[in-house]
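Have a look at these structures, which come just after this line.
Two complexes follow with chain A in common, the first pairing it with chain B and the second with chain C.
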Partner chain A sequence: MYAYDEIDRTLVNERVSEFRDQVKRRLSGELTEDEFKILRLQNGVYLQLHAYMFRVAIPYGTLASNQLRALAHVARKYDRGYGHFTTRQNIQFNWIKLAELPDALADLAEVGIHAMQTSGNNMRNVTSDQWAGVAPGEIEDPRIWSELIRQHTTLHPEFSFLPRKFKIAITASDHDRAAIKIHDIGLRLIKNEKGETGFEVLVGGGLGRTPFIGKTIKHFVHGRDILSYIEAILRVYNQYGRRDNIYKARIKILVHELGIEKFSREVEEEWQHIRNSSLQIDDEVIEDIRSRFTYPSYEKLPHNPDELRQAAADPDFEAWRKNSVAPHKVQGYSIVTISLKPIGAPPGDATAEQMDALADLADRYSFGEIRVGHEQNLALPHVAKRDLPALWKALDKLGLATPNVNLITDIIACPGLDYCSLANARSIPIAQELTRRFANHELANLIGRLHINISGCINACGHHHVGHIGILGVEKNGEEVYQITIGGRADEGAALGNLIGPGVKFDEVADVVEDVVEAYLALRERPEELFIDTVKRLGVEPFKERVYATR
Partner chain B sequence: MPLVNGGKIVDDSFVKLAVDTPLPESGDILVPAERFVGEAEALLKRTGKVGVIWPNNRDIDELVPYLGKVATVALVFPTFRDGRAYSQARLLRERYNYRGDLRATGQILRDQFVFMLRAGFDSFEVKKQADAEAFMQTAKRYSVFYQPTGDGRITALHRRMQLRHSEGVGT
Partner chain C sequence: MTSPLEQKKIKIAGPSVVTANRTWDGIVVYRTAAKSWSADLSEAAIVRNSDEAKALLAESVADDVGAIGPYIAPVQVGADGKIEPGNLREQIRRTGVTIGSSVQV
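And now, the complex of A and B:
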């Protein structure tokens, strides 16, 4: 956990008072809606179909229990009793009143939470691996660097009015849970031959209407130079990124149009000017940030405690344990993923009661810490293995023990036409229907790891391009039509999915997905071959043939 | 449109010339970049100060040879969502050591003042009278800063280091 110091607290409070003034000026008519729009977007406030939506940052996906309680409080006091966790470690409230927003922000500021730059054309919430600091084999905790970059990108005087939004993600593990290859800047923490910390820097990844997988711009940037290197990328982008067409304004288009070699030369030239400036960070600065992260005092615990052995007799517990519990770097502990994907419900939603109860469970079982992942699930990062059976029982009572993490019903979906003013089609009802089709755990388990991602428009908030099965809703002649891709992935092997055939109607989507899955079960070489690997081995054609044979 | 300089609303002594306006005999003039580059010698010879309005899509390098001779550089924010001139301002101040007046023009609202001050601007053509009047108050809105820029304000990282060291002395 990172604890704010007086400086961080002061800045967040000053931002709240600035925003209060902006809302006041809007309500008095001093600001036009056009002017206010940019200002509210700088602070996470969108105007949606029915109401204002308020997006709150959960930097690098780390929450303390009192922070989760504050989010529950906002859901209860200012919204309709629930919140929606997004694919970028944010939480959204869908029914907020403009006049009450400053108070909601002030309440969050008390526990060190803000909504700065969660929308708008600026540097967005810095995201990272939700297992940071606890994953076995991790090089070092990427949150130290995430926090350094969070601070550096917050209210940046040069880069708050970029051509378009700008997202940075960091991972320090071989297995990339932060989806860095689909970010504007992706940072992979590595060590050089001297054992010094640095980053492989990727640039120009992103989804939306023109998806690109990020390209490596530099194989090693030393940790002390990372701020100046990011600053150099941003400076080139701020000056040369396109501003004539919103759909071509992301850095991925600039990188694509210039080519990665030319783009990297521009960045290199700029970087040489600024790398030996006050942007250079020494070890002491890093240590200072590190010192404000607190780590649990782990006990020495057995690898396989009695409690766990006894609980193994319960098939329901075992079903949950097998897909929700992951190895921890410390013996005797586990990382527990909490599915926010109950059968038949909107993916990523949590009620105020669930958030409060989960905060209590975090205090009891996870050193008061909760994590948020881009798959729209939560996690308790430090659970003693002996506590797993008790935790499972408690989660089950709260409706938070659906044993479907990484299975076909663990769906990523954007809010879609039910909430969003940009959407062309519904996402949530598609997800709900799919979870019902595959509600049988035996079946889901037989299918194995399979990620379905759903977006209700080309902006791709549901990351459909990188779903093992991707579903994109578009509008055609006044009707919702869904395009289905297979073979996408967001991890270290990131790839964009390929279309398997013509778009289908709303009512047919679940049938087509069932057919795709049936084709996979018939085509896989052995039960251990994952869907994504079968698609990689065989390509789209055999799936297309089977799915579209009777259509 | 009120001009704010040194924190106060002041009279603007500069007259803006279009590309084809006849050159006045005397007085301070602000000239579009295109005309300035073409007629620099003649413009700089006359009495009265000369400033240049530099568009945000024109390379700032081209202006560098004239930086010691102009009285003001006006950078442009066609809309306040277009932030290119922040980079130009920092380059002028921090890379080319421009010490003259740096003016922000275009759609300038109070909500940009702090960013602009940090980027090195010192004059502001403010759209709304109320915003111009609120300048001093708004400029003081933030007391802590995370990024180093040429404005010399101490950053959070450095303040923390100072605190660490001063605490270290006492223990």
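And now, the complex of A and C:
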């Protein structure tokens, strides 16, 4: 966990007071909506279909148990008893009243949570690997660098009025769980030949109506130079990024139009002006941030304790363990992913009761720490293996032990037309139907790892372009129509999916996905060949033939 | 269901209402003939041509403290005068999400 200092606390508290005054002036009519809109957006407040939506930041996906309880409290007191975890390590409340928002923010500020950088054309919440600090083989904890960038960019005037929103993600593992290649800037922590810590820097990734996979702009930037290098990228973007057309304003368009070589030269030139400035980071600064992250006092525990061996006889426990439990860097401990994808329920939602109970379980089994991943699941990062059976039983009682992590029912979906004012079509009901179709755990296991991503409009909040199966809802002649892509992926091998054919109606989507999956099962060379690998080997055609032969 | 927030020209093909979200709490409201806002669609003022729609929208926009984001939305008016939303988006805004209970435990 990261411990806030006095500057952080003052900043968050002052922000609440400021917003309270802004809301008061808005409700009295002193501020018009046009004047107020940018202010509310800078505090995570959107207007959606039914009400205001309040988006709260969970920087680099790390939450303390008291913070999760505070989120539960907001859900219960100010909203309708639940929250929705998003694909960028935020949580959204869908029914909040503007008049009560300052109180909700004040309650969150007591535990160091805020809504800065969750909306608007600024530097957004820096995201990272939800297994940061505990994943075996990690270069080092990427949250230290995430926190450095957070501190530098929060309310930075130069980054508060960018051409469009700007998103950074950081990973420190070979396997990318932070989807860095679909971010405006993606950072991969690496060591150079001298053993010094630095970053491979990628730029220009993003989804939406014009998707691009990020390109490497520099193979190694020393850690001490990372702020100046990021700032150089942002300065070039600020100078050349288009402000006349919202659809062409993201940095991915600029990188594409200039070409990575020219963009890179521009950045390099800018960087040479500023790299030896105050933006160069002293080791002391990094060490200070590092010292403010506290890590558990792990016990010396056996690799395979008796409790785990005994529980292995229970097939339900084993099914959960195989999909939800991952190796930890410390012997005797595990990382536990908690599926927020129960069969038939909206992906990523959790009730206040679940959040409270999970906070208690985190205190008991995970040193009071919870993580939030971009796949809309949670994780307990420090669970002793001996405690896994007891934890599983407790999670099962809460409806949080669905054994489907990374399987076909572990679906990423945006809120879609059920909530979102930008959406053209519904996402959540499609996800619900798909989870019912593939509810049989043996079938899901037979299929193996398969990610379905659903977006209700071209803005792609459900990351449909990078789903193994991607589903995009659009409108055609007043009806919801869904385009299906296959072959996308969001990890270190990130790729955009390819369309399999004409769009299909709402009622046909689950049938089409079943056809695609049946084709895969028939076409795969062996059970171990994942869906994504079969698509890579054979291309779209065999799947297209299967789906459209009878349609 | 093109977002009405992106409406550029006011052109209506049938009976329509002006809808928005109430400023202080954000709930869905409809402009009434009494120059007020109501959460009840049956109390909405119905407009049937572009000039009427423009006038109702202009009046609604002017009431910035009462509600935000006003726009024209299609409705269907039954023989008995009952007003129903004219598309899925407005149906969802009126009756709520289509996903059953929010979370299953």
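Everything that follows uses one rule, which is that the second predicted complex is superposed on the first by the 551 of 551 C-alpha atoms of A that agree within 3 Å, B and C clash if a C-alpha of one lies under 4 Å from a C-alpha of the other, contacts with A are read in each partner's own complex, and residues count from 1 in each chain.
The rule we apply is simple: a contact is a pair of C-beta atoms (placed from the backbone, for glycine too) under 8 Å apart; a residue touches a chain by one contact, two chains touch by 3 or more.
Every value quoted in this text rests on a predicted model; they were computed, and no experiment measured them.
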item	value
Partner chain(s) touched by A:P346 [first = chain B, second = chain C, both, neither]	second
Which of chain B and chain C A:E158 touches, first, second, both or neither	first
Touched partner set for A:E140, first chain B, second chain C, both or neither	neither
Touched partner set for A:E268, first chain B, second chain C, both or neither	neither
Which of chain B and chain C A:E110 touches, first, second, both or neither	neither
Chain B versus chain C as contact partner of A:N424, first or second or both or neither	second
Chain A - residues contacting chain C, complex	26-29, 32-33, 47, 49-52, 80-82, 95-99, 342, 344-346, 349-351, 353-354, 398-399, 417-419, 421-426, 428-429, 432, 475, 478, 480
In the complex with chain B, residue positions of chain A that touch it	5, 7-8, 10-11, 14, 17-18, 22, 30, 35, 38-39, 121, 151-152, 154-162, 235, 238-239, 243, 273, 277-279, 281, 284-285, 288
Parts of chain C lying in touch with chain A, wherever the complex brings them together	1-3, 5, 21, 23-28, 64-65, 68-69, 87-89, 92-93, 96-100, 102-105
Chain A-facing residues of chain B, complex	80-84, 86-88, 90, 95, 109, 111, 114-116, 118-119, 128, 130, 141-149, 155-161, 164
